[in-house]
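Right after this note come the structures.
Across the two complexes that follow, subunit A remains constant while its partner is subunit B and subsequently subunit C.
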Partner chain A sequence: MASQPATPGAASTLRDERKRAQLGGHRGSGARRGEALAAYLFLTPYFIVLGIFYIFVLLYGLGLSLFKIDIGFTAPIFVGFNNYAIIFQQLSYAGDSDFWISIINIIKFTIVVVIGQTIVALLIAMLLQAVTPKIRGVFRTLFYLPAVTSSVAISLLFLWFYTPQGVINYLLSLVGIPGPHWLEDPLFALPALMLLNIWCTAASFMLYFLAGLQDLPRELYEAAQVDGANRTNLFFYITIPLLRPIIFLVVALGTIGAFQMFDQALFMTGGGPLRSTLTPALQIYYAAFRDNHFGLAAAMSVLLFILIFVVTIFQRRLIDTSLS
Partner chain B sequence: MAQISAERQRDTEAATQGRADRPPRRFRWFNLFLYAMLLILTITSLGPFVFSFFSSFKTFEHILDFPPSLFPNPWTWDNYAKLLNYPGFPRWILNSLIYSIGAAILNVLFSAMAGYALSRLRFRGRSLIFVLTLAVMMIPAPIMLIPRFLIVNSLGLANTYFALLLPAMAQPFSVFLMVQFMKGLPRELEESAMLDGASRWTIFRSVILPLVVPALSAVAILSFQAAWNDFQWPLVVLGSQDMYTLTLGMFYFKNTYYTAYNLLIAGSMFNAIPIAVLFFIFQRYFIEGTTSAAVKG
Partner chain C sequence: MKRLILSFITLFVLILAGCGNGGSGGGATSNGGGGAQQGLTGGNSYIGCPGNTSTTAAAPESGTVTLTVSGWSSSPAEDALVQQNLQKFQQAHPNIQLKWSPITGDYPTKMRANVASNVVPDVFYLSTDMAPEYITSGKLLDISPYMAKDNIQASSYYPSLITPFSCKSGQVYGIPKDWGTLGVFYNKQMLQQAGLSAPADNWTWNDMQDYAKKLTKKGTAASSVYGITFAAASSQRWMAFLLANGGSVLNSDGTQATFNSKAGIDSLNFYSSFFKDGSAVQPTDVAAGWAGDAFGKQRAALALEGPWLIPYMQQNFPNVQYGIAPVPTAPNGKRADLIFTNSWSAYGNTKHPEAAWEVIKYMTGQDVQGSQLHAGFALPSLKSLSNDQYFTQNPGFKVLFDAATYGYADNFGPHTSAIHTQLDQAVEKVLLGKADSQTALNDAANHVNTELQT
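Right, the complex of A and B next:
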C-alpha cells in the first residue's frame, strides 16, 4: 500500500483531468463555477485550521518577535529587532546564557540521537527483511510498540528505571559496572535522555527502511553475487546507495524531531541538573510562561526554526555528495 | 554437501520466482544469529512495558527493591484504587477521551472533505493549497507554540475544549493522507452518479467515503493517538485542574508525588494501555498510515 500511490495514481489523474476538461466544455462555465464553489465549501474547516493555526500563526510569530509582550501587565511595545539583539548579545557569554546553552545541548542531543536511531532502525529493518514475511509481521508489531506509547508514559517509566537503585543500574551491576545517578548528574542526564529517545523513536524509522528495502531490485543483488560479492559488499555498494532517499528522509525527520525535544526534558529533569538538559523548546516555554517574555520567546522560536531549516538543507547536500 | 546443494537449489528457485523479500539462506548459524537478535530486540522493546505492568501492582515499600523482582510480592490493587480516588483523576481520563475522540471524529470528517476537494474537484488555488499543506507538515510544533497560545488566549478560548479541538480538527497530515488515497479512485463512479443527478455531498458521502474506509480508519486512529498522547499543547492552554488531560494531570501529580513510583507507574499504565490495546487491534492502520505519508513518491 505504501508504495502503490505514486506514479500510476498521478498518471490516471492526468488522464481523467483531460477527460473532465472535455466534459466540462459541454457543461459550460456554470458547472465549473459550481464545482469551484463546492470545493471551497468542502475545504472551509480545513481553511480555518490551515489559515489560522498554521499560516497566520507563522506570520504572527514573526511579528511577535518584534514586540515586548508581558501578558497581564503592559500593552505590547514595538521594539524592532531588540529581542534578537538581546539573544545575540548573550553570545559573548554563551556559557552562561540559557538560550545558547540550550542550543549547544540540542546540537549534542541531535547528533547522537539521529545517528543512533538511523543505525538502529536500519539494522532492525535489515534483520526483519532477512526472515520470512510471517515472522516479520509479528516482530514488526512487537518492535513498534515503544513508538506508539506516549512520551509522558515513557517518561514516567524511565524516571523510575533511571533512579540510582533502578533497573538500569541493576543491569549494569550484573556486568560489574557501577551505575551513575543518571538524572541527577549533569554528565549523565543528557545521555540518559538520548538513550531513551533512541529507544522510542528507532522503531518508527524502522518502518521507513523496511518499506525502502522491500522496493530494492532483487536482480542487482543476484548480479553482484554472481560477480563474487559478499554480504558486506552488497550492503555497502548496493543497499546503502539505493536507500539514499530513505536515509535522507529518516535523517531529516529525525533531526526535525530531535530538535524539538520537549516532553521528556520538562517531565524528567525540568532542564536540570545545572541546565544540562535544557532544550530550546523548553527554554522557549520557560521564557514565555515562566518569565512572561512572550516576544523574546517568539524571537527564540524564529531562530530555532532557521537553525532547523539550515541544518536540514545542509544534511541533504551532505548525504547527496557523500553517498553518491 | 548434498544438503548445501539442496539449499543452493532452493535459493535459485526463490530467486527466479522473484521473491524479493526472501534472501538466500546459506548457513544455519546465520539463522541462529537472526533469531537470537529477534529475541534480544523483543526483550528490549517489550521488556520495559511488561516489567512496569507487573510493577504497577507492587507496594511503595517494594517498588525500589534491589535487586528488582519481576513479580510483585505482595500483589496489591492499592495503586490503582488510590489513583482513581485522587481528586480529579477520573475527570482527567474523561477530558483525555473528549479530546481524543473529538479530534478523531472531526479530523476524519474535515480531512476527508478537504481531501475530496483537493483530489477530485478542480478549482483555482488547488495546487497552492496542496503545496502549503506539504510545507506546513514539516514545521516543528514548538515554533508555533507561542503565537498559537496568544491567538487562542485572545479569542478567550484558553482553558476550554475548543482550545484543544480547534487546531486538531483538520490536520495537514490527515488531509495529505486523504488526498493520497482518493486521487487514485476511478473517475467513472462519480460521473455516473453525477448523471443520476446526485449532489456533490451525496457523491462524497455515498460514493467516495465507502471506498476509502482504510484511510478513514488510519486517520481516526492516528489522530486519537496524537491527542491522547499530547502533552505540550494541553500544558500551555489548560489552566485549571478540572480541565487537565491525563498526560497533563500526571505531570502535576508527578511534581507532587515524585518519589511514589508505584503510583506513577500505575498512572502511566492508564495512559499507555489504551493505546497499546488499540495498536494491537488496529496495527495495520498505525503502520500503513505512518509509512504511506513517508513514501510520497
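Right, the complex of A and C next:
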C-alpha cells in the first residue's frame, strides 16, 4: 500500500484528533494501557492473516526462485541464481523471449492505461461534482458499477462486444470507421484490453477524485475569480495542484494494478495473438502451471516486483507529496 | 540483518527438504518379471521409467475396502454413465466400496496439488499431458504385473493408445479408457450446392485444397461462406499433416526437435495454403467460439475436428446434415492422424493396489467400453470392439475409429506442453502471414531444443 498521502481534508482531521486527545488525556495511564491492549487484540487477526498469506508467501516465493522445483513430483534442486541467469540470458533474443515480450507489453499497457484512467476518472469526478447531489448519487452508482462487477464477467461480456460483428464495431460503423478484428489482430488486441481496463478502473478512482474535489476550499476559487482567473486557469492553477496528493495516489495504485493485469489477458486472448497481450503475470502463470517451471516462475515474479517497486518510487519523486 | 536472512534461507531449505519426494527421474529398470511379457508394451522412448517399480502383483484383500475414484466430467450425461458403471462394479465386487468425486475446473493443477499434499485418489483419470511426469516420478501403480496375472495383453489395445502410458522398458501405468482423433467433417448440403460428391476414402491433399476453394463463397462480412475453418494457433491440427508427410516432432529418444525438416516445412506450406488462397477462416472472424461452432453455424463447409463435435452438433445444430471423411493422404501416399487419449490409472502409494487394479480392469473392459460406445460418447480403445454393430449404424464414427491404425499419440514426453506452445506460435505466425514456414519452424526448433535440455 502506498505511504499515507495527505489529503486536503487531513489538516482539519488532525486538528480534531488533537482536541479529542486533549479531552481524553486526563483518564489516566491505566486506561490508556488497556486501550493499547485492546488495540493489539483487535489487530491480531489481521496480523496473522498478513503474516501467513503475505509475508510468509513473499519469503517463500523469494526462496522458490533459488530452486529448480516442480512441487511434489521430484526433489527440489538448489540452483542459486540460475533462474535469474536464464531470464537475463533471454535478453539476447528479447524479441522472441516470452518474458521480455511480456515486460514490453505491460509497459506499453501501463503507460496508456494509467494516463487514460487518471484523466477519465478526474473528468467523471468533475462532471459529478457539477451536478446536484441527488443526480450525483444516481450517476455515481452507475459509474461505479464496473468496479464491483467480477472481472471475469466483464471479460466475457467484452469478448462478445469485441467480435468483428459485435457492438463496438457496429458503433464505429455508424461513424463511418471500419472496425478492426480487435482480438484477432496482433496490433489491436492490446489496445482492446487497454480500453477495457481504462473503463473498469476509472470507476473506482473516480471516487478518490470526487472525495478530493469536495474538500477543496471554496475561498481560494472565489479569490482567484476576483483576480480575474477564467475556468481553465482555475483548473490548472488551483484544482490540479491541490489534488496532487490524490493524483499521486491514483497514479501509484493504477500503476501497481496495471502492471499485474492478468484476468483479461487469460480469459479474453490467452496471451495471443502472437503474444501481443502476454503480460508478466500471465507468463508467470504459464511458466508455473503449464510448463512446470515453478522456480523460474518465482524468479519472474521477483523481477516483476522489483520493476513495480522501482517505478512507484520514481513516481513518488516525480509527483511531490509533501504536506503543505 | 545478514543472520536474519541466513536463518530464513535455512528454515526455508529445511521446509522444502521435507516437502520434496524421493522420486528419481529416468533410468532403465529391470524387466517386470520373467513370464510377464503380456503385461508390457513395446516401450515409450520419451518417458523414463521410475526407479521404484514393484514387479509383483499384490494379493487380493479379504475385508471391505474403500477406494476414492476421481476424474472429470465433460457433460452431465457422461457423468451419469460413469456413475452407473461404477455402481455395476460395486455390485459385482461387494467387498469394494467406491467413492466417485470428480474434479471440476483445472484437473492437472488440482491433481498436482493433491500429489504435493500426498492426498491422492486411489484411481483416477490420467491425460497424456500428465503421464510423463507422473510415471517418471513414481506416482503411479505399475499395472504390468497385474495384467500378466489376469492375462490381459497390452496388445489388445491399439499401440498408439496404450504406449503413451508406458515407459522406456514397456511397463504400463494406465489403460486407455477412450480416445479422440481428427476427421474432416463436411456439410452435406453445402457440398451438394457446389456440385461436389462426398470426399472419397483416398482423397489427397490437392483434393482437399480443391474442395475448399470450390466451397468458398465470398459475400459481405456477415454472409461469406468459407471452405474450411480452423484457428491460427492450431498446431494440434497441423501435426496430422506433418506426420502424414513423413515428418516427426522429435527424434526417437526425444532429445532433438525434428519438425523443421523439409517434410515439416512442406506440410506447413500446405496447411497455410488455405488461408493464403482465402478458402479458410478463423472461427473468431465469423463470431464462433471454435471451429466446431463455425461449422455448426454453417459459415464453413469443412472442419478438422473429432468425436467431441458429434454431441455438440446434436445439441446445438441438430438440423445440419454432415458426414465425416478421413484425413486426406499426403503426396507420398501416406495418411496420418493425431490421437488424443486418457487412461484410468492408480496411485503408486495406494493402500489397496489389487482393488484399484480391479476397478481399472473393469472400467476399461469390454462391458464399460461397449456402453460408452453405444451412448456415442467416445471411441473404444479395445481392438475387439472394432466390429461392433454401432459402427455399421454410424459410419462416421467408424471413419474416426479407423484412424487408430494410422494415428500417432499427441504426446512427446515431459516437455509436451512447451512443444505445443512453441508449435502453436510457429503455426500462428505463418497463418497470419508474419513469417514463412522455414523461419518459423527453425525458431520454434531452437526454443524446443533449449527446453529439452532443462
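Assume the second predicted complex is superposed on the first by the 269 of 324 C-alpha atoms of A that agree within 3 Å, B and C clash if a C-alpha of one lies under 4 Å from a C-alpha of the other, contacts with A are read in each partner's own complex, and residues count from 1 in each chain.
We adopt the following convention: a residue touches a chain if its C-beta (ideal position, glycine included) is under 8 Å from a C-beta of that chain, and two chains touch if they have at least 3 such contacts.
Quick caveat: nothing in here was measured; it's all calculated off a predicted structure.
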| item | value |
| --- | --- |
| Subunit B versus subunit C as contact partner of A:Q165, first or second or both or neither | both |
| Which superposed partner A:D96 touches (first subunit B, second subunit C, both, neither) | second |
| Contacts of A:L183 with subunit B and subunit C, given as first, second, both or neither | second |
| Partner chain in contact with A:T132 - subunit B first, subunit C second, else both or neither | first |
| Subunit B versus subunit C as contact partner of A:Y60, first or second or both or neither | both |
| Partner chain(s) touched by A:Y84 [first = subunit B, second = subunit C, both, neither] | neither |
| Touching partner for A:T74 - first (subunit B), second (subunit C), both, neither | second |
| Which partner, subunit B or subunit C, touches more subunit A residues | B |
| Touching partner for A:L274 - first (subunit B), second (subunit C), both, neither | second |
| First, second, both or neither for A:F294, with subunit B first and subunit C second | first |
| Intersection of subunit A interface sets (partners subunit B, subunit C) | 60, 69, 71, 163, 165-166, 289 |
| Residues of subunit A that touch subunit B when the two form their complex | 1-10, 12-13, 16-17, 19-20, 23-24, 32, 35-36, 38-40, 42-43, 45-46, 48-50, 52-58, 60-61, 64, 69, 71, 124, 127, 129-133, 135-136, 139-146, 148-154, 156-157, 159-161, 163, 165-167, 170, 199, 203-204, 207-208, 211-212, 214, 216-218, 222, 225, 249, 253, 256, 259-260, 262-263, 266-267, 280-281, 284-285, 288-289, 294, 297-298, 301-302, 304-305, 308 |
| Contacting residues of subunit B [partner subunit A, same complex] | 15, 18-24, 34, 37-38, 41-42, 44-46, 48-49, 51-52, 55, 63-64, 66-68, 106, 109-111, 113-114, 116-119, 121-124, 126, 129, 132-133, 136, 138-151, 153, 166-167, 169-172, 175, 180-181, 183-184, 186-187, 191, 200, 204, 214, 225, 228-229, 231-232, 235-236, 247, 250-251, 254, 258, 261, 264-265, 267-269, 271-272, 275-276, 279-280, 283, 286-288, 290-292, 294-297 |
| Partner subunit A, residues of subunit C touching it in the complex | 8-9, 12-13, 16, 19-25, 106, 108-109, 112, 115-117, 133-134, 137, 139, 221-222, 232-233, 282, 284-285, 287, 414, 417-418, 421, 425, 428-429, 432, 434, 443, 447, 451, 454 |
| Complex contacts: residues of subunit A adjacent to subunit C | 59-60, 63, 66-76, 78, 96, 163-166, 181, 183-184, 186, 272-275, 286, 289-293 |
